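Shared between the two complexes below is chain A, which pairs with chain B and chain C, respectively.
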Partner chain A sequence: MTDTPLSLAGNANRTASLAASWPRLVGLLLVALVAGFALAGPLLVPGDPLAQSLIKALAGPEAAAPLGYDHLGRSIFHRLASALRLSPAIALAAVATAGLAGLALGTLAAARGGWTERALVTLADALLALPGLLLVLIVLAIVPGTALGFWAGLSLVLWVEFFRLSRAATRETLASPAVQASRLLGFGPAYIFRAHIWPEVGPMMLTAAAFGTATAIMAIAALGFVNVGMRAPTPELGRMMVELLPYWREAPLALLSPVVATFTLLLGLTLMAGSRSA
Partner chain B sequence: MILLEADDITVSDGPTTLLQPVSLTLEAGTPLVVLGETGSGKSLLAQALMGTLPPGLATSGRVTLGTHRLETARAGRFRPLWGREIAVLPQEPWLSLDPLMRARAQVGETHRLVRALTAAEARRQAETDLARLGLDPAATQRYPHQLSGGMAQRVAIAAARAGGARIVIADEPTKGLDAARRDDVADLLLQELGQGGGLLVITHDLELAQRIGGRLMVLRRGEVVEAGETARVLAAPLDRYTRALIAADPRHWTPRSTAARAAASTTASTSSGPAVVSAHGLTVGRGGRSLIDHVDLDLRAGRIFGVTGPSGCGKSTLGDVLLGLVPPLAGEVRRDGGLPVTAFQKLYQDPVAAFPRRLRLGRTLADVARRHGAGAGRIDALLERLGLDPVLLERLPDAVSGGELQRLALLRLLLVRPRFIFADEPTSRLDPITQAQVIQLLCETVEQDGCAVMLVSHDAMLIRNTADERLALGRPEGAAEPQPEGARPEPVPA
Partner chain C sequence: MSALASRLVQAVMVAVLIGTATFAMMRALPGDAAWRIAAGRYGYDNVNAQAADAVRQELGLGGPVLPALGRWFADLARLDFGTSLVSGQPVIDEIGHQLGASLQLAVAALLLSLLIGPPLGILAGLRPGGVLDRTLLVLSTGLKAVPQFLMALLLILFLAVHLRWLPAAGHGEARHFILPSLTLALGLAAVNARIARDAMARIAAMPFYRFAQWKGLSPRQALLRHGLRNVSVPLVTYLGLQFVTLVEGVVVVESVFGWPGIGHALVHAIFSRDVPMVQGTALVLGLGFVLVNAGIDLAVRRLDPRVSA
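Here is the complex of A and B:
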């Protein structure tokens, strides 16, 4: 699998997809914009997301803090950049884990069938019946360390989607004459996966990964917003919103910054994922 | 009486001309057959005559239908005539009937909506129509899935004719039917429209054309290459393409057996070798239901074993059992133990479905060659032997024509050096000329590489002129025990 994710997704019909893929390009641009801000921002304007200066509480933008200050006089710019590194990092780690586990288990279930498949499907269905956020909360309560807990909880929620997708697609592919022909020609499971299953499942998995990342970021923000996620003073998107909500009149820009950043990131991810069907 | 007259009908897609100017007349009582292979433009011609061309295609020409004068470019004008003057009989009617509607209601609906009869009148009329076509009253109350293919065909004909249309266009009416059913359909169409009506039949099937009779028009790449009395054209074709088309009909092939036997007697190499695959007391079936009982087979190197029979008789399952893909219900299959597993191969009915969908053909072939230690030169040599252009290797499976892809599938098998090939209806989706080529290559493979081939086809004539030994299977419901050739005379289609 030397292909990068995007070239793989796009190689189905390059000329047609180029014309039809403007939403994906916009999505990519939005995500790149947010990523650029999160990674390069603090390098351009050095500062500490945790340093307080109560004199500057809710003050407007200045050279050292281009987005102004929050109620404790911390630079919104640096807190936002930090938050935009934290959530996506956890989300990506969780999606990578869930994707690999879902793909492996889904392919296994489809290939083995019988009890293996039945047990895995039952497990997946049982997890699907639980509200995702609740599951994350339970894991958060068990696992020490909030970031680790989020990673574990989100992985547990997200793998089900990957599992179901890859199982369904793999089962169909394995039943096709093409796979039968490859088997008769003497190819083993590794080749069948590489030549038949991955080309079918791969693009689907990448779409699901983009959606999954958006879901994970949203989940982290939602739990932060209700004060059960990341703990203060760690900068986190949902937490920043809820902390700044009481000051919306005095410092609208301070509240708007995390909202706009979150919206841009989620919109970008959704566009990247959704337009692939076009 | 002239029912329909068309002048200079053309169809083009942007700069590409799909149909050169075609003119035709359809007279009452004289059916017109338009014969051509896939892509010849025969279906486009029908659609232009109906005003049902897909949007985006440009068309010109005039159609005179009774008192109506129409231009094909203004498709909207055709609409009021649909059902009343001109009707189309769909391909594969069991798929075109409404699955949620009883047979009588499907026909009655047309009477009610097109001819504005009351519900009661429509029902009575529908019953009369269906009875006239030989459908018993009980059958008129069934849903399409409860009807046999022949009954569904009758319902579709009744529904198409219910509006009072005198002209019926039948587009490939026998697609997917075996020989006996094909003749039934032809007779039914003639019975319905032979005398007073206008019948336009579009097909690639020479035997259907022969059976329908009337006048014939041969299309090739959007051009009429020959036209005239059907009997005359089929008996003494003037055009080179028509001749090739008729020669490609399995009925006109030189039986291979004699040639092969002659070759075998001179080289005396492989024909009487040991069995590559043999079966004893074999019973096969699907889902626990037996389709073929107690057959004994010996498939020998260098011989073609032909299996023929109607669809659903278990002929494909038999091959899968011999390959070990499906377990037998009883009996045993013995494959030559000295051979590697990959010496037993299958050639599929639909070549597109037999290749990895998203890999370039060249990559797939290279993978197979690498897996079996065949040098890069072997692919090139085989490409030349099978008459294939190396350019095809750059494409994906669905961007190659069926005939080329089936030859590439054969190439892929030959890379493995098979000793046994199960060819499962390998040409049923190909045009006659392409079919003849592919079968010819398969026969050459048998002779050159000394494989054993089990060739399965629904076409008894194809098997008759190709196979060294034959097995004719009957209908699955019937108690007819299939017996190897010689034990029972083979039914010859009329």
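Here is the complex of A and C:
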């Protein structure tokens, strides 16, 4: 919770438009709330997300476990905090990889044109024709290690959006008189990228990154929910829900906590991204 | 025509990508794939080194990668998907069986979403900033943040377990359709409604629309004659994008509701590393998606002649 005002102030300074509209502020607040819980929660109430105590199975909240216990007597609070660190970490890693790759290939395609551009666009179109979840599933079956597989699969799915955005924006910018003037003055590609292309592409990239993170977190949870995602003892949002589903009458709070946390996180990210046209 | 040609290239690329990926999956499987396939074909009791060798020879599982990949694609080009490693049935028969169930579900969901989303969106778009418009914005933003599996979970808990109105899972009767298709439809309708609302608001503000009202058409006539067709163009265009959501949703929702469709089969195949089934189901889903988009390209041209000009 300590990082809330900091991140708000930082964002407000960096991009006035991001903080100007209130839905984005609310979104930022929701995401900060979840992040604060995931990071600071275990510090306030120390505990182990994997420690079992069958005697406490499905027991209600107490000081050591503020959200009660699951069917194996593990603290929901600590499992939730751990799950809320895991999926966003994978999602952020995938978005960072996809964003960098998409930006690099997108600007390359726009700058080079010709066969480079055609080949990359064809590849991106083919990937776009594959539903993302399908691709992630296939990659998961090839790559050993679930977290690594998610990272690889999600990066493969997400780079296309960054690629398309940066290619379109770069093409437009490169054709502008301003870039022509810079070129005539003898500035190199690095300067043109920093001074002309990035200011155009950057804000779009941030929006796409928020969307991408939400998509990635949804995919990880969805696959966990149908039992093909993270493996059993690892706390993961989708898995937690499917594990607790049979006990919802006995322990509604136990099922409700991952549901509410997931919804809050995804709603926050969606609001942060704003509408697609913005 | 060039649009169709690019869809064709897209389809070929999809087949190549899935073929390569499933080939890599075959190679990356732990243990000896030949043994597993032989076991799938002849039963686990009848497998010996000889049978495994025969399979290895036939499918080219051993040896260098490139010739094996060539044979893999040759099989794919002949539409020979092989037999399922689990059931021993030809993959193409299994898929033919499952595709029907998935299509029924997808069509039901799509129709339901079109019944819910666009009418609300059009009503909201006729009065931008009104109560309905603002309520719809909040609702659709909230719905978009609910992943499909979570929606399924909430609907099951509320409608099936708590109120006991509907069966939580199953297939065969009409009432089994309601929960899975409603799960898919609500997610689609959230997007549908926004698109219809934005299009309607834009069109209602245009001079030709105001002229239609000024020359004496009632609001109803103006909407039917000049509004609907224009609103339908972005709606149909976005349907193509929505099919991604639909196919992904089918994978998740079928698994949750135990619907015997192609998405359920894919998840099972992945779970048991049944590579021929993975390849077959993934190909059908990917190519089906390209096919639907090609159809949508054509539909948009018919609805809006300006596109082809």
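One rule holds in what follows: the second predicted complex is superposed on the first by the 254 of 278 C-alpha atoms of A that agree within 3 Å, B and C clash if a C-alpha of one lies under 4 Å from a C-alpha of the other, contacts with A are read in each partner's own complex, and residues count from 1 in each chain.
Criterion: a contact is a pair of C-beta atoms (placed from the backbone, for glycine too) under 8 Å apart; a residue touches a chain by one contact, two chains touch by 3 or more.
None of the values given here were measured: they were computed from a predicted structure.
Clash-free side-by-side placement of chain B and chain C is the outcome of superposition onto chain A.
Here chain B and chain C are compared by how many residues of chain A each touches, and C touches more. Across the overlaid pair of complexes, the angle with its corner at the CA centre of chain A and arms to chain B and chain C is 90°, in steps of 10. Of the two partner chains placed by the overlay, only chain B lies in contact with A:180; chain C stays clear of it. In the overlay built on the shared chain, the residue A:125 is in contact with chain C alone; chain B does not reach it. By the document's definition of touching, of the two partners only chain C reaches A:227; chain B does not.
Looking at the shared chain after the overlay, A:46 reaches neither chain B nor chain C. Once the two complexes are laid over each other on the shared chain, residue contacts for A:114 go to neither chain B nor chain C. In the superposition on chain A, A:195 makes contact with chain B only, while chain C stays out of contact range. Once both structures are overlaid on their shared chain A, chain B and chain C have a minimum Cα-Cα separation of 6 Å.
The touching residues of chain A, when paired with chain B in their complex, are 12, 176-178, 180-182, 184-187, 191, 195-196, 199-200.
Remark: chain A residues 23, 122-123, 125-127, 129-134, 137-144, 214, 218, 221-222, 225-228, 238, 241, 245, 248, 259, 262-263, 266-267, 269-271 touch chain C in the complex. Chain B contributes residues 323, 325, 340-342, 344-346, 348, 350, 353-359, 364, 367-368, 371-372, 409, 412-413, 416 to its touches with chain A in the complex.
Taken together, the chain C residues at the contact with chain A in this complex read 6, 9-11, 13-14, 16-18, 21-22, 24-25, 28, 141-142, 144-150, 153-154, 157, 161, 244, 247-248, 251-252, 255-256, 266-267, 270-271, 273, 278, 282, 285-286, 289-290, 293.
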